[in-house]
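Read from first to last, the chains carry the letters A, B, C and D; within each, the first residue is number 1.
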Amino acid sequence: MTDEKPTPPEIPAPEPTLAKAVEPAAAPAPSAAAPSPEPATTAPKPAAEGAAPAAPAAAAKPAAPAAPPKPAGPKPTDASGKPLIADLAAAVPGAVLEAYEFVGETTAKIAPEHLVAACRYLKDKEGFTYLVDQTAVDWKDRQPRFDVLLLLHSFSRGQERLRLKVAVAEACPTVTGVWETANWMEREAFDMYGVRFDGHPDLRRILTWDGFQGHPLRKDFPIEGIDTGAAIYPDRFPEGGGPGPKDTNRKVVS
Amino acid sequence: MTEPTPGTVAQFPPLAGPPLLGLHEMELNFGPQHPSTHGVLRLVLQVDGERIVSARPDVGYLHRGTEKLFETETFPMVIPHTDRMDYVAASTNNHAYCLVVEKLLGVEVPKRAQYIRVLLDEMQRISSHVLWLATAAIDLGAITPFFYTFRDREVILDLFEEYCGARLTLNCMRIGGLPVDLTPGWLEKVRAFTEPFEKCIDEYEDLLTENRIWKERTVGIAVLDEKRCIEWGVTGPVLRAAGKAWDIRRALPYECYPELDFDIPVGKNADTYDRYLVRVAEIRQSRRIVLQCLDWLEKNPGTEIRGKVPRVIKPPAGEAYACVEAPKGELGFHLVASGGNKPYRLHVRPPSFINLQALPEMAQGHLVGDLVAVIGTIDIVLGEVDR
Amino acid sequence: MSFLDRILLLDIFGGLRVTATHAARKADTVEYPEQCKEPSERFRGMFRLDEERCIKCTLCAIECPINIIYIDWHTEKTPEGKAEKKLDRFDLDMKRCMFCGLCEEACPTNPRSIWLATKTYELGVYERNEALYLDKSKLTKWDANVKPYPGVDPDKAPVNPAKEK
Amino acid sequence: MSQSFIHYFLVPLVKGLLTVVLVGLAAGVLTWIERRLLGRLQIRKGPNRVGPQGFFQWIADTIKLLFKEDIVPSRAEKALHLLGPLLLFTPAVVVLGLVPWGPNVTLFGVTTPLHAAADLNVALLLILAVSTIGVYGIILSGWASNSKYPLLGGLRAAAQLISYEVPMGLAVVSAILMSGSLSMVEIIEAQRKAGVWFVFPGLIAFFLYFVSGVAETNRTPFDLPEAESELVGGFHTEYSGFRWAVFFMSEYGNMISISAVATTLFFGGWLRPFPNVAWLGFLDVVPAFFWFAGKVFLFLLVYIWFRATFPRYRFDQLMALGWKTLIPISLGNLVLVAIAVLWGAAGLKVLGAVLVLLVAAGFFAVWRRPARPRTSTTMAATNVEVRA
């Protein structure tokens, strides 16, 4: 445990410096607990061994005396000068929008329309034969809304890894033509975020069922879940199913 | 192929287009309640007699929304949830998650904690591989290895229980180090188990390795060569059985692995038998690592198990990816932090999920009887596949 | 394997030898209801609360990953005129507890005022709401559902390593 | 009561009923023995709660199965679904009726051979014929269940039975050659006369017979028609309650009958070891029936031991083993035995001695050989990929 002494409840996060988007509602309430109805009431009460001020902790300052000085966080540095990035930018003009290095990892922002060409180049010419991971991130209030992240690995370049980052609205070009393993990863990203991968050979939901409504990992999807009775048995629940319309639990899956 | 449109629901669309059955073919539903699908995997098979024409995996029966859950928890609170993904190798899950947060925080883990972490990981690897051996053997009809392996796995679980208080869902690591120090006498108990363990491995091998039935059932089954492995992103023992000596413990070393002496077993034929041999050899190598960790810990007593971690863990905004060599392959955590005390997005790169993708290719052309060997050879845990 | 080995079925006999030698060994199993394996000192089992030591700091409720602890308290004046906190409610949803032990680690008192290291694991109930502890006395005394592991004093709380130093 | 009524009606009826009941009882007890022994081999205990050492477990199980709901799948072929278990059970009992359990006994003033049927002079042929019928039970129950897994199980059973009837028959032929008779009693008497159990000259034949017998009874490592981890339950997936129990009983009944035939053909039936050696006469204290039963029991233990040890064959490999390995061997063995029989009285003994010596020499050679290191200790990679 990190908290050996009582600390004041969480303060809202400072604005992220790296990502341009604002952080949407990661910690909007002063409560550290999740917004589950039962036990969240405890948080705003003053802590007992009052090192911290007892005032409602929504103010930005009071964490300072309790918390030790934060170690200076790593800062992203520009990496567009790296030979790999420079080669990529030269081979696929207009592909690399920005490149930076952060905690030892290189990230390149790629324009969506050049994604497949860039991936093809990286795989064929630079030896990034192994697609480690592909996923998406939802920046709710940003335009375009989603980031698709790809992590590539090259065996021939001394175990080098490179992250590609593509900002897309809801449609992203598929890379299944480049790496076959992207198939399920893209299906998962589609299932969880609703990012459509154009040209994907088999774009179906993978973890949730085929009749599921909504995309669970979007930030506006309620953590309690949604009422899914109607989705499963539309004939049995013509009005939407599940709890009745006045029921306070209406949005909660039982 | 039905193109699903988000937001609209009609009925169940067919699984993957209309089944185009030939004259001699039938569709066979394999799972999700089949005894040898290791949980709730469902395969829709198109079989000609017993020969598999195509296999379509259908996953998600165990989906629990873990990644959504991660986003609502503070960083330390995420750890118990990671236990429940690959629930037969909880320690490596904890480890990978802690590594990614430490990477963003820039925390240095004390040497002693590193060695204990590696010790736990390798014991976990032994127990996971041994469990794989048990289930793979029972899939192919040999019931007895199951009991012998469980006898030995039980000892490891007891040792885990003595260290951290739980047997399966360990919750045995913390960001920056470990929750508790070792109990006195624990190292001797580990040694008392590990040193004679070689004999137990020999027993498993006597039952299976040379057995002609075992060989007939596994040699040449589910071949996936190195090139295809990398194309499918398949890692872990399956990749090594294909002849590629790639192990994250060596390729992208973490913790104190560079200081430890161990070999990376590789196969030649990329078939089920080689994967079996690789896993058994890895049990032997893990045993070696455990003994080395014990030596180090006995020579270097200390109490420092936790690095300098701020009381409230708030990694700076940015992305990081950290991976460990889990018993199943590369287990990675992809963390996107926004500067808050909760992960903005924490994606898991589950080895089981990615490796399972190659199953149709491995199963094609084999018989239904081989399918259980194919499923077994990938070593999937459905808790990790579906998360 | 050489031809001779195949003809002599050495692989077959090797396997048969392993199983046969195990027939002479003692069974490795525990006959559960009569015998049971004693859990270790750190085993995370049934939740126990000591109301006297509890300082109502609610850290356990904050640290619980699945929010199954609910604490409510009010302040009373003692005869000496000091303000003292009184616990109104300490609710625990045991049926959802996953025994991660984060609440115990968060507890700041020494010895701990909540702890799971009770070696007690027989927690089965016939109705699921029996595992919903809405009465704090059932956590400080335990009820008929929960029998402490034989030979274990459930009131012996573990020390807090952070306060030991 | 006339003598003919007793001899032609009452005694056969009693003996027939006795056989059926005995098979049922033996199957029940065998389940207990199997579970206990498997427990021992797998360092656990097995059932030990109901009765002393859990002995009454099989009775409890039987009662449970009797009262369980008997489910017939809705679109199953009902008549055949019912017929399947019976078709499998009957041959097991019939075969056991054809095997002599001992020489003549006298009970209540009636002297009769300890033998359910009469001593048929074509008993062996009948056994081969009847035991083949059992596979219809499996095929029909697999087909009649109207389910895909049982269907696959039934088809596997058909493929398996056909492949293994041939080596089995050829193995039996060598016993016939050695004894010169098809009658079970005369085969036993021939072993007394030859002074040697036929297992020594017929070492290969016995091996073939036993392997084929394991395959015929669908036991590990040839339990493909059931193949729990592949076909869920194979041909009996859709059976429940007592019909399922009948399948179970027939499996054990078949095991007993295969063991009984093997005992008769190769281990001298009810004869004590070395029936011609006079100074071993004290062994006759044990009644003949118990010699027979003891030998059968040993075979059953081997069945269980096999089950504890081996993985399962795949059905094409099983057929390949039958057609490509066992049948050529059995043909060669037939030639060998025929030469020995032509040689005369000493021929069988010489053949037996030669075979035993060869096997002993082989094991000696293997025992003297230095052990090789295991592959799993030597398969390390030489060039490991490390971060540059």
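As a convention for this text, contacts are C-beta pairs under 8 Å (C-beta built on N, C-alpha and C of every residue); 3 or more make two chains touch, one makes a residue touch a chain.
It should be emphasised that the depicted structure is a prediction, and the values quoted were computed from it without experimental measurement.
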Any chain that touches chain C and chain A: B, D
If you average the CA coordinates per chain, which chain's centre is most distant from that of chain D? A
Select the chain whose centre, defined as the mean of its C-alpha atoms, is least distant from the mean of all protein C-alpha atoms. B
Please state whether B-C or C-D has more C-beta contact pairs across its interface. B-C
For chain B and chain C, let me know how many angstrom lie between their CA-based centres, rounded off. 26
Separation of the C-alpha centres, chain C versus chain D, in whole Å, is 51
CA centre of chain A versus CA centre of chain B: separation in Å? 24
Nearest whole angstrom, what separates the Cα centre of chain A from the Cα centre of chain D? 63
Enumerate the residues of chain A that touch no fewer than two other chains. 1, 3-5, 32, 34, 155, 159
Chain D: positions in contact with at least two other chains: 41-44, 308-310, 385-387
What residues in chain B touch two or more of the other chains? 73, 76, 144, 147-148, 151, 179, 207-208, 211, 246, 251-252
Enumerate the contact residues on chain A facing chain D in the complex. 155, 157-160
How about chain B: which of its residues touch chain D in the complex? 26, 28-29, 34-36, 49-50, 137-144, 146-148, 151, 201-202, 205, 207-209, 211, 213-214, 216-217, 240, 244-247, 250-253, 263-267, 277-278, 280-281, 284, 367-372
Sites on chain C touched by chain D in the complex: 4-5, 7-8, 10, 12, 15-16, 18-20, 22-23, 25-29, 31
What does chain D use to touch chain A in their complex? 385-388
The answer for chain B against chain A in the complex is residues 1-4, 6-7, 9-13, 16, 59-60, 63, 65, 67-69, 71-74, 76, 103-107, 174-175, 179, 230-234, 246, 251-252, 308-321, 323, 330, 332, 334, 336, 338-342, 344-345, 347, 349, 353-354, 357, 386-387
